[in-house]
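So the structure is just underneath, and the comments pick up after that.
Per-chain numbering from 1; labels A, B, C, D, E and F assigned in written order.
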Amino acid sequence: MMAAVEVSEAEKVYILHGIRDDLRVDGRGCEDYRHMEIETDVVSNTDGSAKVTLGHTVVLVGIKTEIGKPRPMVPNEGYLEFFVDCSANATPEFEGRGGEELGTELSNTLYRVFNNKHSIDLKRLCISPGEHCWVLYVDVLLLQCDGNLYDAMSIAIKAALFNTKIPKVFISSDDEGGKDIELSDDPYDCMRLNVENVPCIVTLCKVGHRHIVDATLQEKACSVASLIMSVTHKGTVTCTRKVGGGSLDPESIFEMTEAGKRVGKALHAPLMKLLEQEESLGKKQQKVGFFG
Amino acid sequence: MPTDTKRVRGPDVSQSPSLFVCQPADGVSPQGPRADGRRRDQVDVRPVFVRCGLVSQAKGSAYIEAGNTKLMCCVYGPRETERKDETDMKCGRLTTDMRFAPFSCPERGSWIQGSQEKDFSTMLQESLQPAVCLHKYPRSQIEVNMMVLENSGSVLAHAITCASLALADAGIEMYDLVLGCSLRQNGASYVADPTSAEENDRGPDQSRNQGSLTVAFLPSLNQISGLQSDGEMSEDTLTAGVRTCIEGCYKLYPLVQQVLSRCVSRAACAPPPR
Amino acid sequence: MISALKDKVGQILVPGDEFCCGAEDTISLTAHVQPEKVVCGPGLMRSADRLQVCKSGVLRHKEPNMFWMDSQQKRYVPTKGDAVIGIVTSKSGDIFKVDVGGSEQASLSYLAFEGATKRNRPNVQVGDLVFAHFIVANKDMEPELACIDGSGRANGMGIFGEGGLLFTVSLGLVRRLLAPHSEIRSDLQQLVPCELLVGINGRVWLKSSSTQRTLIIANLLQCCDTMTAPQRRTGGRSALIDCPSQRWRM
Amino acid sequence: MEVCGISNVTLRDFSCEQSLLSRPDGSSSFMQGDTSVLAGVYGPAEVKVSKEIYDRATLEVLIQPKVGLPSVKERSQEQNVRETCEASLLLSLHPRSSLTLVLQVLHDDGSLLSCFLNAACMALMDAGLPMSCLFCGVTCAIAVDGEIITDPTAAQEKECRALLTFAIDSKKCRVMMSSTKGSFSVQELQQCIAISQKASEKIFQFYRDSVQRRYSKNL
Amino acid sequence: MAAGFKTADLLEYYRRFLKENCRPDGRVLLEFRPTTLNIGSISTADGSALVKVGNTTIICGIKAELATPTVEAPGKGYIVPNVDLPPLCSSRFRPGPPGEPAQACSQFIADLIESSEIIQTDDLCVERGKLCWVLYCDLMCLDYDGNLRDACVIALLAALKNTQLPEAVISTETHLPVVDLEKRHGLKVCKHPVASSFCIFDESTLIVDPTDEEENLSTARITVVTEEGDRLCAVHKPGGMSLSGQKLQECINRATVRQKEIQKLTDKVLSSVKTS
Amino acid sequence: MQQARRAGDHTNMVFHFLLHGHIMHTTSWFLFFPGEKLCSAEDCVLGTGVYLRHGYIHSSLAGYVVRKSEGKELPMISVVRGTELQLLPDVGAIVTCKVTSINPRFAKVHILKVGSTSLKDHFKGTIRKEDVRATEKDKVEIYKSFRPGDIVLAKVMSLGNVESSYLLTTAENELGVVVAHSESGAVMVPISWSEMQCPLTYAKELRKVARVQAKHLEA
């Protein structure tokens, strides 16, 4: 289902032996990520956006905020909607139904990753219970695909959520008891989201008897199964999922969850630091770029 | 949304009566015994009723009932794959389609397959595929069709068990049977094989250890073919949960074998001549 | 039966009309010394002891005992021996696929051209027009065309179509055009000299001295189904006179 | 206006034209009073591999309502028309090919299903497809007082207690298709069938006259 | 003449049986398959029934929801029947929206509800012009072995008789609906229509309750729906070979007997559900 | 120590005995489920319904164990279901198929049966002109060998490639047409290896006729 590359038997043996000795084709260790670049505020007509480049994988996330009606079962919360678009430019396999299927699979996983009370404080997105709330439309666009889509996507989402500015609203009652919603005119008068608890996904690929993080497409072709884990900065796990056509024995699952927690937990601090840096830079840039 | 022209249409808007109930039903209490009398923090799964080979048209079929959860699975094929590529020449395909009957949940569902059903279909596929000897079925596909007749919790876990029985009934070669078990963690305590009320119980807000877990397990080979969790759990809880689910699967194994042996020794499958 | 049939010649019949081979036939044996064997043409079918009409139209008769339904129909159904105009749609291996307007593309072997051998292949391109006749046409088989007759001669068949116009008319009109002493054809020849190739599959290819003339004749032919003979003649003349080349140049 | 009783069957004014469309291989328009249907037939043409039948032609019927998209009701009418056509067409003469019949509603003023059938039959004949017999559609309405009205208008349909539509074949004058609404007694059913059979004679004569008109230039 | 001959010429195989007035599954021509009924097995539905006619299995679940009545009929509720033939029930059906057989059957059921007035839609009105019930009657086939319609009608009737609607009123204070899920009442099912389907082989042989194979080989299908008091509420013949009046009468006679049998069966199962 | 499970005996405790092949030579029927270990790979060779994993043979079906020993070699171990379950046409298998369409180059067929097992889903196959018969291959004409609707016995040559379907051959005396209908619809009688005759009209038609064998008379 996922974009795949053809890898010859000889290449497979080479990759397998390397990983056995903690040496990957590109020189990394088993738990090392590739070089990663993060940019925020990259799409102008969104309320928050980010672009993440991880090796040759490039993911763009745009977040649009809109006022909607709360879900009947949770009238005092807003909600998130995910949509993943697998652009046919990223890899030819995304053309037609292949991309569509992968897109729904990825967005379904995102719903699970955020299906808990702490990732995002949904109550803050409520404007008036039962009537109005903010809906965050998270659109993910895969621009280029070289493995490890899940991790790159989750980091980009966290960065974009960090970057998201939700306009302040005022509720005024008119004479007849009806309610009016007014948006603040001041672009700086906006609400920001606390993204501290937003999890990042770590994908662990079982290759031979070991597991690796941030697998390239070649490495993925040598693996029978992977484990996807979304981990918060505190090390709690909000979603796990086994993907791929193979099975794993319980002991290696336990090893993988342990490694996933460790790697995932460690991702957050540098990421937040980077985002805050970017934010302070971004403001200066913005002043130059726009009306000043 | 475009109007559905292929079904008899009702009014444009209709609402479930449960939205207008005067007093909300009591939540599930996180302590004490469970509503159906089972014990907490024990691998106390519901009694299961299973039958194979009920559907005359299918190659293999299975029906499972756990508490009020009712599932029917049919296996068709191997049949010729319509659009083939190179890998299909070496290896067959396993396709899964899981659907909820419109009346299977407390709220009426739509006929059109939603993203949740697609998600379940994918997870079912990922849990079953490692167990099926697909290389024995080149150029063809094996279709697993699952229908949830009533959802009373742990649907995915029972769907996995049900589908593997249907595959075995169809005589599809498999490396092992696949058994499924679910668990719901709520703070420090957990319930195995949760009902839908227990699944939807969101518990006290401050709790950081709250989530659901489903494991698909190959009992003879001691392999996990499917793992899926959501909510928030510490890594220790997750690991403990996986172990509990494996235990739950082993509890199911004798019954599953019993059902299969009855199905194999049915008149149609009499022992071969010596 | 023959007498019953003969009574109806020239009349309209519709599907479901039947003729019974009853006692009448045995009597007719004494009257005529001939075997009473009716030959069914298109639109007539024999089932057990009955002759059944399966298409609406006019019953026609040809001596001694051939009957058929003359019906107007647009869709062509291949019949063995028919000479048709086809369009080459693809080449695959040793054969060309040719669209003749039927439900299935016909095949045409590259050896079925005059003088063609395995070395000396005919120069045929996709999109070419070909005039050929059916050597196989059967509901169970893929129809097969050839551009040579039994003795290996082209006999007017082969690739053609430089600079002419191909258009479609009703199958009834084509049959009228191809009839031994076709009125329409002779009318046309009197009006304007032109090259005319008629495929029984409803396709007509036409070439005359100018594009305008070609178009006028084509339009005229396409209208023939709904015009009487005098209408046709006057219409044709006025169209050709009314549209001299100067008027177009103005 | 319409008279009940088997001795005298009244139908609204019928009119029909064949070969009026240039693109389809056969076409017809059929009017019963103000109810009007346009029919087009395509084929025998190339068939999709998935729909190919090795020993006969594949017939598809598409009904287009006057406005909007076809719904479940049209789908059920399509089935009625298709299976009626299949029984009268000699489909085995064109194996592995496709026939498509498109029926467009121009105006519905009652007895629509019978008008579909009549338009279909004329169009199939016009396309020159081999048929073993003709068929026609007759609609009967049973009014609240038990009176049987043939070829009812939309207003009469609305007021009636039951509505029955039959397709009658030209060879044996028997019921090929039946579609009913409302409840009725066995006797009423048989009366309606008898009336429809009587009406079919008129319709078949009308068919013959229409074909005669069409071929008048070739006679 | 074993299974091999059957593959080679299925129709001829059937003809040999029919000539002897019996069918390959051992039935005589006008014999129905064993019919079993199970009522109220789905607790998430407001009413449900599972029917087996031979192998053919239909489950009907009824869900009641609240809606505003139409302007044309402010005092009436809605009944929305839909038949689904999921790929699960036979290899003939592919995933995706319902195909012609399912749609035609849905329309048939919808027509039947209207024709026979099983339920007075007035009974579904909560408050005129403001609030009414919608009964979504979803019929799903779990095993498709012919004669879908008969099974659907039995399942629908039984599920309707099993349906318990919660009590609903419009609150005089808030003008919003108030529902009490604990207090429920049954529906008034006025009529008991029963469908009987037949197939015709080779113009003359009439068989009842056809299997999937028999339906495919036959030259015509016909469904007769009868009610108490020998009234007919549908004679549905979608086309196919024409039928003589005498054969039609045979169908009606058999259908009348069947109606009584099924009504008895439904009542028996219903009373056993109530007592238990 | 006859602790092994018989059919219908469901205790789970005998697992460990089954790990060693020594109790399986008894005459009882042992039921196995997918995944269960049968014996070491050193004790038996693999038959059907089994697979090899880490030096042990496991069952891949729910069925009965059969051990066949011929001569001194290791016995062959298989797990079988009571009814023969041939799900796919294998290379070398004899299949019964129905001809769906023909052209001068090949005949397309639907595979209905593999050996004696009827397939629920039909697989597509192709008999190319050069595979119709063993001798005088270049003189073969498909039209003189098969017609749509014929029932043909053939052998699977290969699984074909991505575009094509199963490749079949009838180039053996026992293979070819076994059932064919004449133009008038009657089942024809074979009169030679290349001709069949209609019992009604006595018309002869050309076919690649299969030599009738006792075991195929049923087919």
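Operating definition for what follows: a contact is a pair of C-beta atoms (placed from the backbone, for glycine too) under 8 Å apart; a residue touches a chain by one contact, two chains touch by 3 or more.
A quick map from chain label to UniProt name: A = Exosome component 7; B = Exosome complex component MTR3; C = Ribosomal RNA-processing protein 40; D = Exosome complex component RRP46; E = Ribosomal RNA-processing protein 43; F = Exosome complex component CSL4.
Nothing here was measured: the structure is a model prediction, and the numbers come from that model.
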item	value
Graph separation of chain A and chain D (steps between touching chains)	2
Chain pair, C-F or C-D, that carries the greater number of C-beta contacts	C-D
Chain B and chain E: spacing of chain centres that average the CA atoms, whole Å	29
Chain C and chain E, separation of their C-alpha mean positions in angstrom	53
Chain F: positions in contact with at least two other chains	101, 120-121, 148
Sequence positions of chain E contacting 2 or more other chains	91, 103, 106-107, 110
Shared interface positions of chain A, touching two or more other chains	none
Interface residues, chain D side, partner chain B - complex	69-72, 75
Chain B-touching residues of chain A, taken from the complex the two chains share	72, 104-105, 107-108, 111-113, 115-118, 224-225, 227, 232, 235-250, 253-254, 257-258, 260-261
Of chain C, residues touching chain D in the complex	10, 12, 14-16, 18, 43, 45, 52, 54-58, 70-75, 77, 102-105, 139-140, 172, 225-226, 228
Chain F contact footprint on chain C (complex, rising order)	93, 95, 107, 136, 140-142, 144
Interface residues, chain F side, partner chain B - complex	5, 7-8, 10, 12, 27, 29, 31, 33-37, 49, 51, 53, 58, 60-64, 66, 80-83, 85, 87-88, 120-124, 159-162, 165-166
